[in-house]
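Both complexes shown next keep chain A, but they swap its partner, so chain B is in the first and chain C is in the second.
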Partner chain A sequence: MIEILAIPPLATVQDLGRDGHWFQGLGRAGAMDSLAHRAANLLLGNDEDAATLEIPLTPAKFRFHGRQAFALAGAPCGARLDGRALPRVWAGMAEDGQVLDLGGMSDGARVYLALRGGIDVPEILGSRSTQLREAFGGLEGRVLAPGDRLVPLGNETPLLPGHGLSLGLPPLRREGDGAITLRALPSTEHDDFSPAAQQAFWSTPYTVTPQSNRQGYRLDGVELTRAEIGELRSHGIVPGIVQVPGGGQPIVQLADSATMGGYPKIAAVIAPDLWRIGQARPGDQLRFERVDLAEAEKADRESDRLFAYWKRDIAALVRQLGSWT
Partner chain B sequence: MPETRTSLIGSRALLFQADCPFDLVHQQRFWALAEEAAGWPGVREAVPGMTNLTLLLDRVPTNIDRLSADLAKLWESGVRKEVDGRLLEIEIAYGGTGGPHLADVAELTGQSIDEVVRLHTAPEYTVYAVGSHAGYCYLGGLDPRLETPRRKVPLTRLPGGSLSVAGLQTGVSASTGPSGWNTIGSADVAFFDPARRPAALLGPGDRIRFKPVEVVA
Partner chain C sequence: MTDPSSHWPRLDDLVLDGALVRFGDRVDDAANRAAVAYAEAVRAEALPGVEEVAIGPVSVLVRIDPLAPERAGTLARLRDLLAARDWPSAAPPPGRRLWTVPASFEGDDAPQLAEAAALAGCSVAEAIAALTAEPLRVLSLGFAPGQPYLGTLPEAWNLPRQAGLTPQVPAGAITVAVRQIVLFANPSPTGWRQVGRCAFRLYRPGGEDPFPLRPGDLVRFEPVSPAALAEAEARPDGGAVCEAAP
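On to the complex of A and B.
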């Protein structure tokens, strides 16, 4: 069991989200950076979908009760276990009474803490993710607070090297680029925007504003104007959709997105790049790169390949450890 | 302009729209489309919007032209799904703290407060679509005399159970959230309960009648 001593305001228990309830108006929720979430789980031998703790903009502090395995992955936050510096992505053992300190994040926006077997919270409608608006899922449907205790579902100790286990996450930005590049497809109203607006959207960076949370990020940049086409009828929207309300500044809908909306849509960020937005913080710059469906499909395959490599490498290491014992 | 159009709203999500009037007969065609498309291979969910349809897919659609053609063909067939939905009567306290914009709506529409309440409680509304937030019902059937613009300054925290109008739409929020609509009353109804099966109280084709239990000017 792990006790929360200090935690930022919007930390929640998340897995890969609640699929299959769009028809009831229930959004997916789930980890904002699913890549880091999955990495933390894989390192512990967990199912990728096991519930982790999503911690936005640390610092945070935890105390372990009982010897147990844990993993961390996501934004670099100078994590320390009883003062010992840990790598940015790490799985290992904590002894009874040890304190885990997550410092300020030097870059990125979220870090994931995984426990063996996942965090033990009830599975509701097929998921353990916190549904903040509807106030269910996760730990009592709410954000975590100091004094909360999280219990692992698994009780066996995973095979881990004494110095712990790590892996490399893909870089958030392309080399030499100050902005975070997001690959996106043109969406429904793209062609209604003026040629200058289209040009600006695909070439100039947009800054993440402080009005940004798990529901969506409001961006600030070149104003996007379009031909007046009247009010749209409400229609489905999904995480990654880039809407442009009347003011001309885009909004990207994210994990806690509504399931329907009515603003014009200029683009849709492809699924394998959504984790990058999850690691973007206010002040960061986002650049949208136009891709087609063939490129989107290729990006999905590359993402699948990355997880396959991680699983293969971790399995090989665990086999090796097993043969030593 | 072509009558139908398929566009991308995500790398694994499509929006199908048709150039059609906004009424029950056309909405029934989208219900039929949703029911049919839900069974297609690779379709995870098919969800009706307001005279449109969203498809959530397992993978990136490399066959979007075929999907688009299949949807267009089905649309052109004119097939409709009629739903013999249940009727829910919802008690509403109009005005007061739960309906702070009732007087605004009266002023904007040029009706008296009693007339606003009468016009709003007269029709039987049909649930066209469920979405936005869990259990929220988009309703068809608002009297055009109650048409109002959205508010310039949205409320950041409108409580669940709030009855609002905007444009030609009306509905009762299912949980606390932001809203740019004009709130004219409140109800005590659990539109979504994760412990219930189905969790959403109402689905497309169900009907609602509002019953005034109180009117506070």
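On to the complex of A and C.
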């Protein structure tokens, strides 16, 4: 069991989200950085979908009760276990009474804490994710607070080397680029925007404003005007959709977005890049790079390949460890 | 983007989001009947690559994995299915239900009723009668879990949304615009005007039937006093009762 000693205001239990109820008006929820969430789980031998703790903008502090395996992945935050510095992505053992300290984040916005077998919270409508607006799922449908205790579902100890296990996450930004590049496809109303607006959207950076949370990020940059103004009917929206309300500043819809919206959609960030938004913080710059379906498909395959490599490398290591014992 | 010579129904390939099938460009019961029946038929086909079938007031969005190899075949089947029947004359979905929901249209429960009645060109009493006389169809669910868009109200209720947003209406708020009522599942900001309130809970995450309303169901509001509504809050489903729809 792990006890929360200190935690930022919006930490929640999340898995890969609640699929299949979009048609009934229930959004997906789920980890904002699904890549880091998966990495933390795989390192512990968990299912990729096991529930982890999503911690936005540390510091945070935990105490372990009983010897326990755990994993961390996501934004670099100078994690220390009883004073011993841990790598940014790490799985290992904590002893009874040890304190895990997550310091301030130097870059990125979220870090994921995984326990063996996943965090034990009830599965509701096929998922353990917290639906914050609807106040169910996760731990009592709410954000976590000091004094809360999280229990792992698994009780066996995974095979881990004494110094722990790590793996490399892809870089958040391209080398030498200050902005975070997001690959995106043009969406339904893209061509209704003026040529100048289209040009600006695909070439100039947009800044993440403080009005940004798990529902969506409001961005600030060159104003996007539509050439054709007409009343739009409400339509379905999904995470990654970039909508442009009347003011001309885009909003990226994210994990906790509503399922319907009435604003024109200029673009959709491709699924393999959604994790990058989850690691963007207010003040960061986002740049949208236009891709076509073939490139989106290639990106999908590449991200599948990355997970396959992770699994292969971890399995190889565990086999090796097993042969030593 | 809309072709003025187009006729209904029509299917648009949205590429990324799948296929949008529209049965009209304005909200009416026949187009909604068509949407509900077509969506049911698409679900029954279990076509490869289809991720979700969502019913809008007069449309069906079939989400298809844009990278699924069967995408083209699925799209062709959707077109064939659309042409195969006269969807607006389809029978109502089997097992649809009529919900009678106690609602207050007085005082704090109806902060914008007088304003909405004036826009609709009638008295407050006439407005309450217009909103409660006939059962309304659940046209679609969306925006929040189990949250219904109900219609279709008479033409006089083709009210625009407010220019500004109401910062927050409560869960259970009954709001009007564009010949529809939205019944709010959660406290929410909105551009729709609040004309009443009920205590019906639109989702029960732990329950057996987590989303009680389904597109095609009927909902009739039964006007009650604020005191009677307060009493209804303690009852299951906020006093709403359900029977097989005629």
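Going forward, the second predicted complex is superposed on the first by the 324 of 325 C-alpha atoms of A that agree within 3 Å, B and C clash if a C-alpha of one lies under 4 Å from a C-alpha of the other, contacts with A are read in each partner's own complex, and residues count from 1 in each chain.
Everything that follows uses one rule, which is that a contact is a pair of C-beta atoms (placed from the backbone, for glycine too) under 8 Å apart; a residue touches a chain by one contact, two chains touch by 3 or more.
Because the structure is predicted, anything quoted here is derived from the model rather than measured.
Colleague: Based on the shared chain A superposition, would you classify chain B and chain C as clashing or fitting together?
Modeller: clash
Colleague: Per the contact definition in the header, classify A:97: touching chain B only (first), chain C only (second), both, or neither.
Modeller: After superposition on chain A, A:97 lies in contact with neither partner.
Colleague: Output check: A:134 vs chain B and chain C. Expected answer is one of first, second, both, neither. What do you get?
Modeller: both
Colleague: Is A:192 in contact with chain B, with chain C, with both, or with neither (first, second, both, neither)?
Modeller: Second partner only.
Colleague: According to the stated criteria, A:20 is in contact with first (chain B), second (chain C), both, or neither; which is it?
Modeller: After superposition on chain A, A:20 lies in contact with both partners, chain B and chain C.
Colleague: Using the touch criterion from the header, give the chain among chain B and chain C with more contacted residues in chain A.
Modeller: Partner with more touched residues of chain A: B.
Colleague: Tell me the contact category for A:239 with respect to chain B and chain C: first, second, both or neither.
Modeller: After superposing on A, A:239 lies in contact with chain B but is clear of chain C.
Colleague: Do any residues of chain A touch both chain B and chain C, and if so, which are they?
Modeller: The overlap between the chain B and chain C interfaces on chain A comprises residues 20-26, 124-125, 131, 133-134, 136-137, 185, 187-188, 233-236, 238, 258-261, 268, 293, 296-297, 300.
Colleague: Touching residues of chain C toward chain A in the complex: what are they?
Modeller: 1, 14-17, 52-57, 59, 61, 63, 66-67, 141-147, 185-186, 203, 205-206, 210-211
Colleague: Quick check: in the complex, which residue numbers of chain B touch chain A?
Modeller: On the chain B side, the touching residues are 7-13, 15, 17, 22, 44-45, 47, 49-54, 56, 59-62, 64, 129-136, 138, 167, 169, 174-177, 192, 194, 198-200, 203.
Colleague: Spell out the part of chain A that touches chain C in their complex, as residue ranges.
Modeller: 20-26, 124-125, 131, 133-134, 136-137, 185, 187-189, 191-192, 228, 233-236, 238, 258-261, 268, 293, 296-297, 300
Colleague: Using the touch rule from the top, collect the residues of chain A that touch chain B in their complex.
Modeller: Going through chain A, the ones touching chain B are 19-27, 124-125, 131, 133-137, 185-188, 231, 233-241, 258-261, 265, 268, 270-272, 293-294, 296-297, 299-300.
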